[in-house]
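Paired with chain B in one complex and with chain C in the other, chain A is shared by the two complexes that follow.
After this line comes the complex of A and B, so read on.
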């Protein structure tokens, strides 16, 4: 044995035997000894170890050199498994690239094990955003390694192979901690992980073999982590032969296996095709709901066991709460059962343990606590999604002050997830109109949330490639910055800040409801200068952020507050919103069209502005396209995926139809533009047989508005414009003749309009609207039937069909209302969870 | 015979009032009616052999029963060598073997590491107090280097360390019972057992053979039956051939 003081020179020598001896001694002197580790790091041992691990392999088999690399890897691993003060010193680009290189090359299994363990320990510290982004080949290498070692394991269950596999599976959730980076690795990893899990489940059933429970549980958790909804549905379709053994594992003796099974089953069940998403939750097929309910007792028991232990809360596995959060997001029975079992109180008791008195360690939240805190908050937000009473309970348990405290901690990778979770809680709470107007006002939420949007944007405030003509029309400070960044550069920039983008996305989701017109927070938030941030979010290449930003904009122009509308339009400009209407993401289109729907509601000014800026024909062309929108099945996606986006296509149609309704509710000349675009009208008439009643309703509203007879004195500017339209009109006549002329124009206009109204109605009849209305008299939905009556009455009185008696006429007239009053704006106090 | 006849008087008494007792024959036939798959039985036996550390028996059994070997099987030998080293008082050797087998174990289990280091300290004390002029220096330096800083951070460690150091102050043959147990070989066995369990646990193997759990479950079930005043032949472990 070499004396400890003399180790370093041996490490640096070319004498492989001496090096190996020194490494062995080093290993035994550092394992379990923090002071030794600190002292060796001070003496620069890290570089020596990395140099040995990274010794180039020239193809010649050299057992001693391999053994040296292995021992160096083990020593490095020991440094990684230390107090954060020591292990964080390892966190250098050189360490990461050396270790990743081990995984991407052919390496001896023992070295793989050591390197995987080290990476796992280092990534648990969460000092780097996402490893897969720094090393794009990593997912592929991991995938190949998992396949290779799975095959080896199934053939010959050897200890070393099992260890490599277990460590590979442990690493998988850590290389892609954020939602979007998970999607990028999932295509590589889902296949091999599924094969491994399926094989291990089958193996233990068939032969009764004691298939290592640790490998099984880590593999199942890894699979649950990388599973996309599409993949989950495919697996769920495999049926009982896969799910039954998993259900059996819910009764496994060890907690890790029970948790992993519950977590994978949750991922499988919650991605089943939702039948209805309503205010009370997501409705899925009954058997899926039943299966989901069986998971609740398992998870609650796991949670209770950890809470019952001494020093409870902090030791709780965050994955228990994370899984519960995903389940509770479904709403309905599952959530009720969890609340009945006291989940809200239990979570708050954990939060109190992690952050007593809302006090966080200055500047940072430790990673393990951070994970626990974020899953606790996520679970709270899920519990309150569909139930006002639960929101109240969450507030009463004191969660809001935690949220505010979290928002005011410094930004570190470890706090990101906590902040995202805090935004989710805020969004859930903002679904309550009552809370919006009371508790939230006093909580100091505004500063926190604007800061979250602002921090990130300071780094990423750069417009993406737009049509050049946008730039001039939008007076924003960003115009001064270079616009002609190449697309790839911009993409790279955003990739680097992906996790910041996720924070902004979550914050934007919370903003959505806070800026509704009845929210007392709307003004304070706008006053804080949020608009440029939201507009820049709407330009983002990162789809979830673009979606939520468009959503927030939509809510800002909801209601009759013309000042806010003007303010929004001054920042936004039409080119961007039109571009968003043609977004490649259907949900963004829905929000952008809803924006136009809200903007044009009860506002002739904005109809004009829309026409002036975009062009009348262009607006109708846009509407025309959207009304005939059909989901185009992408070749590489399953039918299931198509079904899941179906509702959004209908919503786009509804939004587009209501834009027509609102234009038709403007001045007479606006109605004239609608009549002039027969292609659109033809679509409207066709859509009166649409399966969705909201579409049918919007179509009937269009007819009601188009057959509306203007009160003679409603809009003087209309009369003037009518004068301009009419060729005989003596426009620009002498001032002395003005009064007389106006009188003649006015009486002439009455006749003129009577004719125009009639022609409008005739056009609609010619396009088949009357027959469709007859059909809708039998509509199953009362509202549609009622509005149909109105439309029929108006249309018939114009074209002079089936004249009614004078009294009848008066009765019906009393019941008539201007179309736009009731044709609601697009507002959804809702948005999909983007976690 | 119609269904009604079978519950008529005299047809079958047992089916009218459930019999609260079973003869040995009835009991045995009931037991025989429960089918346990050969695979499950084999797994149970294998599990017992592995956890209790019967390597050669386990290997033979795996071969004969044609079941693939399990992870833990490979490490039986390593675990037995570690156990032997601790039993023999060769703690440094045991630590090095542990680090070879599972380098993570002592880094992530400071309590276990401390108990091994304390055992090592006791062995040094044993060596030093064995001869009248034993050198006390190695004991002191080991305690200072490896144990003192740990004890500072953990009150339980501190108590243990103080008690161990007290061994130096008293003659070996007249120790207070509390101190005497530190010198007793049973402490080695205790630590060895903890090390064995920790290794097994890290390998994802239950610490205890499944068969032991089944025997306990049987006992629980017998108790439950007795409380229901059911008469049945109880299991005598001696009768298991």
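After this line comes the complex of A and C, so read on.
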């Protein structure tokens, strides 16, 4: 035994035996004594412990050294599992790197267990999505450890192996708390975790080996966490030999196992179903399998049990609600069953338990209950996704006031997730024209949501897209020693920033719906000065925020409100929107092109503005590129990935095609620009056989607009300009001579335009549009057939009803080329045509 | 909407619940799964290799050094011996206890952190017991969370949040932003009416928009209401089945029968079990439009001299974009006619999609 005051020198000595004794004494003195822990931390014990744990292994067997490392690991674990004030002091880059090193190098199982527990405690305290970027080998090491200990466990089921495995599985979701980090570890971890889960399921059935239920449930949850859509489909394809034992676990005696099984089954059957669109264009919410329906009673029972417990809902496992949220996002029968079982009211009762009277003090309540609150809100948002009645029920249950209260709570790291979830509730509730016009108006969401979009200036300073990737590639600025610290600190800042970006992204998603033209909130939100924030979001290097911001901009120019359009353009400018049209992310492209589509709809002014600012040829070049867009098959991904992005490529084509439709719906001179760009017209004609009916419809509309015969009074500026080419405008009084002259101008203009119209029609016929229209007469979609009739009628009445021979066509072309000046010729051609 | 000086009862009721909602399982919505089925078949070849336990020790050459238990326990594990895992030999490298009598084994994860803090000595020893023996949880007991919660940080970019809600339409006339104009005949008066569709969702058989009526009352040259429509199809039947709307089955049939395009359907449509399938691909779409509140201020309940307590039976012609409607309210003049035609838009379609 050593006197406590003398411990530190022993820890720092090279005498391993002395060190070991000191560590044991240290352990005895700190366990259960927070004041002791604080005092030792003040005296710098952390560095000593880390130094011991990180003692380099030179390959020589040294039991004493190992024992020291183990003891140091246990002491560190004791520090980690104490008051947040103490454990948060452990959260340093050095601690993380030392602990990760224990996992990546080979270490005794006891040290592994201690280190895993410490890491778990620290990462629970503060989610660190960037951890897997800081330590690229971490996922691989975990994967190898899981494989290794699984094998050992299946062989002889030793207690320590089980402990290591359980701790490994607990850590898995914590190293990948964000979507992007999950994706980066998924490929490494899915295989070993699947083997472990499958082995444990098989073990409990076949060999009679009873797996520890704790290990089983953590392993299942870990697998559910890392599952990508592709992996989920592969596993689901493995069929009943995997799913049947899982289904059996839905009736397991302990709740954790039941929950984990439900969670994995949910992940398996809801992951990444592609949007399904039938040929008629009717998209329905993906139908859930009967299997998913069996999960509802299990999960509802778990929820009911917690609500019925004496402590009410406060000890409810957030994962129950999280799993229900994922299930309900599928819509359809599952959502109906959940609502029928009273889920909406149950969730609201839990929220009331956690935060009575909407009192969301940003202190302790959030620290402990943040997960529960955010899961509750997410589940509500899932329930409101598709059904108007459910949205109404959510509002009637009082959820909107909760959302507003959460949004107005002070911003702390602990409130972020809850705020994100609140934004999602607001987003789904605002998917309703009725609610936007009624309840939302009085809810007071405007200030909250604009505040959440935050300070735009912070990010604007940062470089865009490309430069970010180069941050790590400038090693000359970093010395050997502080490298790790610097990188880690940068990463920690990035985590903070990413979470802030997540909040802004979620808020922006809600803004998308709130600024639609039928929303009375559009004006108050714009008046709050939101536009610079949205434009800054559209410049963000963070893709989800860029997507939502572009989406919001598109909705701001939706509708005939010219004042808002002008206001948006005064902040936005064309260069940014054109840049977004070529974004790396296909969905951003889609939104940017839809922005141009909305901008040019029913507005010749903005067609002109687009042409003036971007250039006519540039606009058509852009459209041309987008019309030819095809998804690039990913190199190492399955066909699924292709299928899931396919709809977005089609949407880009639709958006681009409608830009053409809108330009062609402008003045005659706008139609001339379309006719002048044959490359685009050729694409349009080709796309008339596209599998998506919206594409075909847009193509037919282009033809209808290009063969449209303008009513004489519609576009005075065009007629006047046509007249001015050849005559001097009459001035002065209205003499009979002048009236006659005006009449001749007008008749000249008619002839002039008759020629232009015919020439346009001829061009379209030459490009094959007429044949394609013939084909579309048999289109399966009624609307396409109807519009095809219109197009055929207009085209035929311009070029004559009989199909033209190639010679005729040449003659007409020749006639037309010289006929502009000579109206008589044109008349002759006209009579020839009708002969 | 109608003039109240001619017809009484100014109560407003809203379209807030759907007659068929209580029994979703009876809705014969087709299940679209072609993509999914194709998916599973395409990966089945690789999947067949998945459910195999990886055997062997792929990673550590020195593993035997730290896993003495693997040789200490006889193999294979029999069902009997595996039931009580405490029988299994524990690694014997002096890890169990130190010279202070404490277990050097780190506490197992089942140990609560609070417990560890309060009575560390006892707990650490007890903690060596594996949690597999603690299967005593009451199946109906509360779910108590003792482990940290590895929930993902909810991300707006997460696919589970970005399921796209695509409103669909089957006709160029029947889409968000479409405008119609025409008249409503009430008694001897004719009022000018404009309708603007705001949201059309064929999948939900839902439509909504604004209805502007001119000259209905002297105080308000134009009155605008927000209306919601049910499309007759698998989700909504020809029979209204809404007591609060005041229409009996007989009323329904009498009104529908006024539309010439309904007559061929008459015989089937009167059957209570008739399901109007494939409605979006037919020439005519039948609907019920119910005005819900005034625009811009939804709180205004009473307009002197006007009421929107009734609803319209609607026949929409998908070929021409024309709309015929019949206003119904128990105490109104019967068969007030709404006639609207589509306002040409040259394919100027705005694009929006609820996020």
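In this text, the second predicted complex is superposed on the first by the 600 of 835 C-alpha atoms of A that agree within 3 Å, B and C clash if a C-alpha of one lies under 4 Å from a C-alpha of the other, contacts with A are read in each partner's own complex, and residues count from 1 in each chain.
Keep in mind that, in the parts below, a contact is a pair of C-beta atoms (placed from the backbone, for glycine too) under 8 Å apart; a residue touches a chain by one contact, two chains touch by 3 or more.
No experiment lies behind these values; they were computed from the predicted model shown.
When the shared chain is aligned, chain C comes close enough to touch A:195, but chain B does not.
Between chain B and chain C, more residues of chain A are touched by C.
Shared-chain residue A:212: touches chain B and chain C both. Legend: residue contacts after superposition of the two complexes on their common chain; A:661 is shown touching chain C, with no touch to chain B. Looking at the shared chain after the overlay, A:117 reaches both chain B and chain C. In the superposition on chain A, contact of A:254 is made with both chain B and chain C.
Looking at the shared chain after the overlay, A:35 reaches chain B, while chain C stays out of its contact range.
Chain A residues 27-28, 31-32, 74, 77-78, 81-82, 114, 117, 156-159, 162-163, 166, 207-215, 253-254 lie at the interface with chain B in one structure and with chain C in the other. Per the touch definition, chain B reaches chain A in the complex via residues 37, 39-40, 42-43, 46-47, 50, 67-75, 95-96, 99, 103-104, 106-108, 110, 113, 146, 149, 203-206. Put simply, chain A touches chain B in their complex at residues 27-28, 31-33, 35, 74, 77-78, 81-82, 114, 117, 156-159, 162-163, 166, 206-215, 217, 253-254.
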